[in-house]
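In the part that follows, the structures are each spelled out as structure tokens.
In what comes next, chain A is part of two complexes: it sits with chain B in the first one and with chain C in the second one.
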Partner chain A sequence: MSVVLRKYAPMALLGFLGFLMVASYFSTIEILGYFSRELQNWSSIISAIALGFAAFILLRQHVPRSLKGNIYSIALVGSMGLLPILYLITGSTVSFQYNWVYQTWVGRLDPSMYSLVAFSIISGLYRAFRVRNIDSLLLLVTAIILLIGQVPVGGVLKPVVNWFLDVLNTGGYRGVQLGIGIGLFAYALRLLIGIERTWLSELKGE
Partner chain B sequence: MFVVCLAILSINMYLALKGRRAKLRRIAGLDAIDEGVGRAVELRRPVAVDLHTGTLSTVDGVLALTYLDYAARKAAEVGANFVVGLGAAEVTPVATDIVRSAYILADKEEMFNATSMIRFISPAQWGYTGGWLGLVAREKPGLIFIPGSMGAEVMLIAEAGQWVGAMQIACSTSLLNIPFLVAGCDYVIMGEEFYAGAAMISQNPVQLGCIVGQDHFRLITISLVIFGSILVTLGSKWLSNLMNL
Partner chain C sequence: MKLPLEISPETQKGFEFLESLPKGSVILMCYDYSTSGMAEIHPSADAMVQYGMRRGFKFIMISTWDAGPQLIEWSLQDVNAYQKMKYGEDFVNIGYIPGASAGVAAFAKDIHAFIKVDYYGNNLKDLPMMKTITSAKDINLIFHITTGGGFTDWLYFVQGVYGTPMYSAAVASMATQAIPYFKSGQIVGVNNGLRGSAEFEMLTGTYGFGQGGMSSQSFAHVWAVIVIIIGNVLFYMSKRRRPGND
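Up next, the complex of A and B:
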């Protein structure tokens, strides 16, 4: 494949489509809006095709491992096969069997994983709130005030908590958000005009 | 404001193209990548990058690939093993290409193994989290690099690395992620640094000029905020009405 096709064609395509999307946002011309909607539909279609491709890669990795007796790979391949098979048998994604598998397996595993967050927050807090210097002392004092202020017994601290949240916290957040907004704009510009092209990988840029 | 920002960035990029060199402060998290990769090699542990479920339809998802490229090159240079966890199907071939290129450029193509290095885990939030926790527990990486934003699982992801004694560097623009990452990681490239870091990695003068343009525009924005606050305090809504046009 020539360098033009490998390097310049994807860059030109990205730039053209990117500026088209920007123009459709700022313009009321109907044809631009139509192209914008079509492009977003195509994005969904490409993602769906890529998901099928990724499922193939996953199976290519785990089927050989399953044959060697790896229990986790067997579980993965089995799970991937089970729902499509149930769909083919029952002909519906709202059948009792299909829902039973989803609700009793996936529907239980997700909250189980979520519940683990509590333990990681405790261990994270333990490390974050160790007093090592004046900054961490300030963090600890602020956190204690905020924690006590959020429970009924700490109602007397509510004005202080609100001041921390509305003035200090919001001020800091807005400062960071301002930087993010400008940084995002500049990055998008670099991407669209083609000076940021890591996504092409070095070999394609030769 | 769109036109003003575009003009300022373009002027600065043009000046950089004409030879003006900008001096930028270093980002501690970026410098720590070299240190972390060296540490991983000394410990004979892999370098792990968590791309999470970031897709190519988000700016952060595309930007994460720049950091993936940088980490992969550094790992390939010193011959470190490399693992990428990802949950977006369309990112899989791009990430594979980037890591493969990094190892080819370092003349270590024989070390590249797509099956063991590129791990598509799951597009589901908690499915991915479970898979990543398992990967970290089994591989015990020396350096874990987390570019991009995530959801409620951020603390689990950050703590998983702490539990195996990995050095962790995270990048995020999500204001909901940053406090948790600061608590759980050794270095955090936060907010705008995430975007600026990509330009600093490239060392491309035009990209660095763009960072200078960002700072100029920020100064204008801050001036407008201060000026607008004074005007509103004095009872005039002229500037806020102008901005709302």
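Up next, the complex of A and C:
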């Protein structure tokens, strides 16, 4: 495939569509609004296809392994197939059977797995908040105030917690978000005008 | 065990905004979370729907997470929505919309161009409620329930573009990102994790897992502090036994 098709055509298409979207945001020209709506709709369609494709890739990995007897792959393929099979049998994702399986299996197992994180957090706290210097002492005091102040037993600390969230957290977060915003804007501009080419595949001789 | 709970300013201000909404206001309920985070924020969703039913609000249920539609169904069953409200007139379940930020932007711009059918396969234009709701401009509040995903999508592409008021019910780790936007006035209220859900339940006059879970959370946090203190005591005792070996 020629360099024009593999390199310059995608860059030109990206630049054209990107600037079209930017122009539609700032203008009231009807045709621009129509094109931006259609592009957004197609973007959602591609995302939906990607979701299905991801499931296909996962099955392609794990079905051969499950046929060889790998119990984890068997569990994965079996659980991936259970709810679609239920849907095909009952004809609905709001049937009693479908909801029962989801709420009693997925709805219990998923939070249980997530709750196990609490144990690893507690063991991490044991090590992470050791006071070695003034910085770690400040971190420790802040953590204790926030942990106790956020629950009813620490009601007397609530004004301090509010101050931490309203002043320290807000100020720090706004600084980080400003930096992220400027960085994203610069990256987007580089993509649109063709300076950033890492998304293109490598070409021979380049 | 009910423990005394002081209402946070972000929850109080959010509830005051809800109280100012007239009957018939359209609330977009965004269920952008999965079952792993539902212990903290699902009570907020249930409390909002129960409160809205009493106030005569209309609901559009939606999700940008693939696990969302089942949680929408779960929430509707929790509050007996199908018995207390009329589908199509009082609430509509659109289900999952793909595309993340692009999907949110397309939805907000023109709902009927983006979504043709609801979650149950009904033609959206045939539902009485949806005849007058065509874009984000016709929505009075976005009630966004999230474990992290989708927050900036709705904030940047809907609240920022159309000015639609937004209320965030987020897990505690995510709420720290929502509070700066509350301070700047871009969000009308924040339910901060399980405590925020409990406060919201108190304000809306419902009793659910939010308030019920506060005693467990209190115990867990106190235990975490005890573990930290024990860790430091043991650390210093071991340092004193082995001086110079830091």
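We take it that the second predicted complex is superposed on the first by the 169 of 206 C-alpha atoms of A that agree within 3 Å, B and C clash if a C-alpha of one lies under 4 Å from a C-alpha of the other, contacts with A are read in each partner's own complex, and residues count from 1 in each chain.
Just so we're on the same page, contacts are C-beta pairs under 8 Å (C-beta built on N, C-alpha and C of every residue); 3 or more make two chains touch, one makes a residue touch a chain.
It should be emphasised that the depicted structure is a prediction, and the values quoted were computed from it without experimental measurement.
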item	value
Which superposed partner A:Q150 touches (first chain B, second chain C, both, neither)	second
Touching partner for A:F53 - first (chain B), second (chain C), both, neither	first
Touched partner set for A:I134, first chain B, second chain C, both or neither	neither
Which of chain B and chain C A:M113 touches, first, second, both or neither	both
First, second, both or neither for A:L184, with chain B first and chain C second	first
First, second, both or neither for A:S43, with chain B first and chain C second	both
Which superposed partner A:Y173 touches (first chain B, second chain C, both, neither)	both
Partner chain in contact with A:L125 - chain B first, chain C second, else both or neither	both
Chain B and chain C contact sites that coincide on chain A, given as residue numbers	43, 46-47, 51, 106, 110, 113-114, 121, 125, 127, 173, 177
Touching residues (chain side chain C, partner chain A) in the complex	3-6, 8-9, 34-39, 66, 69-70, 73-74, 77, 97-100, 102-103, 105-106, 109-110, 113-114, 119-120, 172, 176-177, 179-180, 183, 192-193, 195, 214-215, 217-218, 220-225, 227-228, 230-232, 235
For the chain B and chain A complex, residues of the former touching the latter	2, 5-6, 9, 13, 55, 57, 59, 62-63, 65-66, 69, 89-90, 92-94, 97-98, 100-102, 104-105, 115, 120, 123-127, 129-130, 134, 152-153, 155-156, 158-160, 162, 173, 175, 178, 180, 182-184, 190-192, 194-196, 198-199, 201-202, 204, 206-207, 210-211, 213-214, 217-218, 221-222
Residues of chain A defined as touching chain B within the complex	26, 43, 46-47, 50-55, 57-58, 60-61, 72, 106, 109-110, 113-114, 116-117, 120-121, 123-125, 127-128, 173, 176-180, 182-191, 195-196, 198-199, 201-204
Touching residues on chain A, where the partner in the complex is chain C	36-37, 40-41, 43-48, 51, 93-94, 99, 102-103, 106-107, 110-111, 113-114, 118, 121-122, 125-127, 129-131, 140, 143-144, 147-148, 150-155, 158, 162, 165-166, 169-170, 173-174, 177
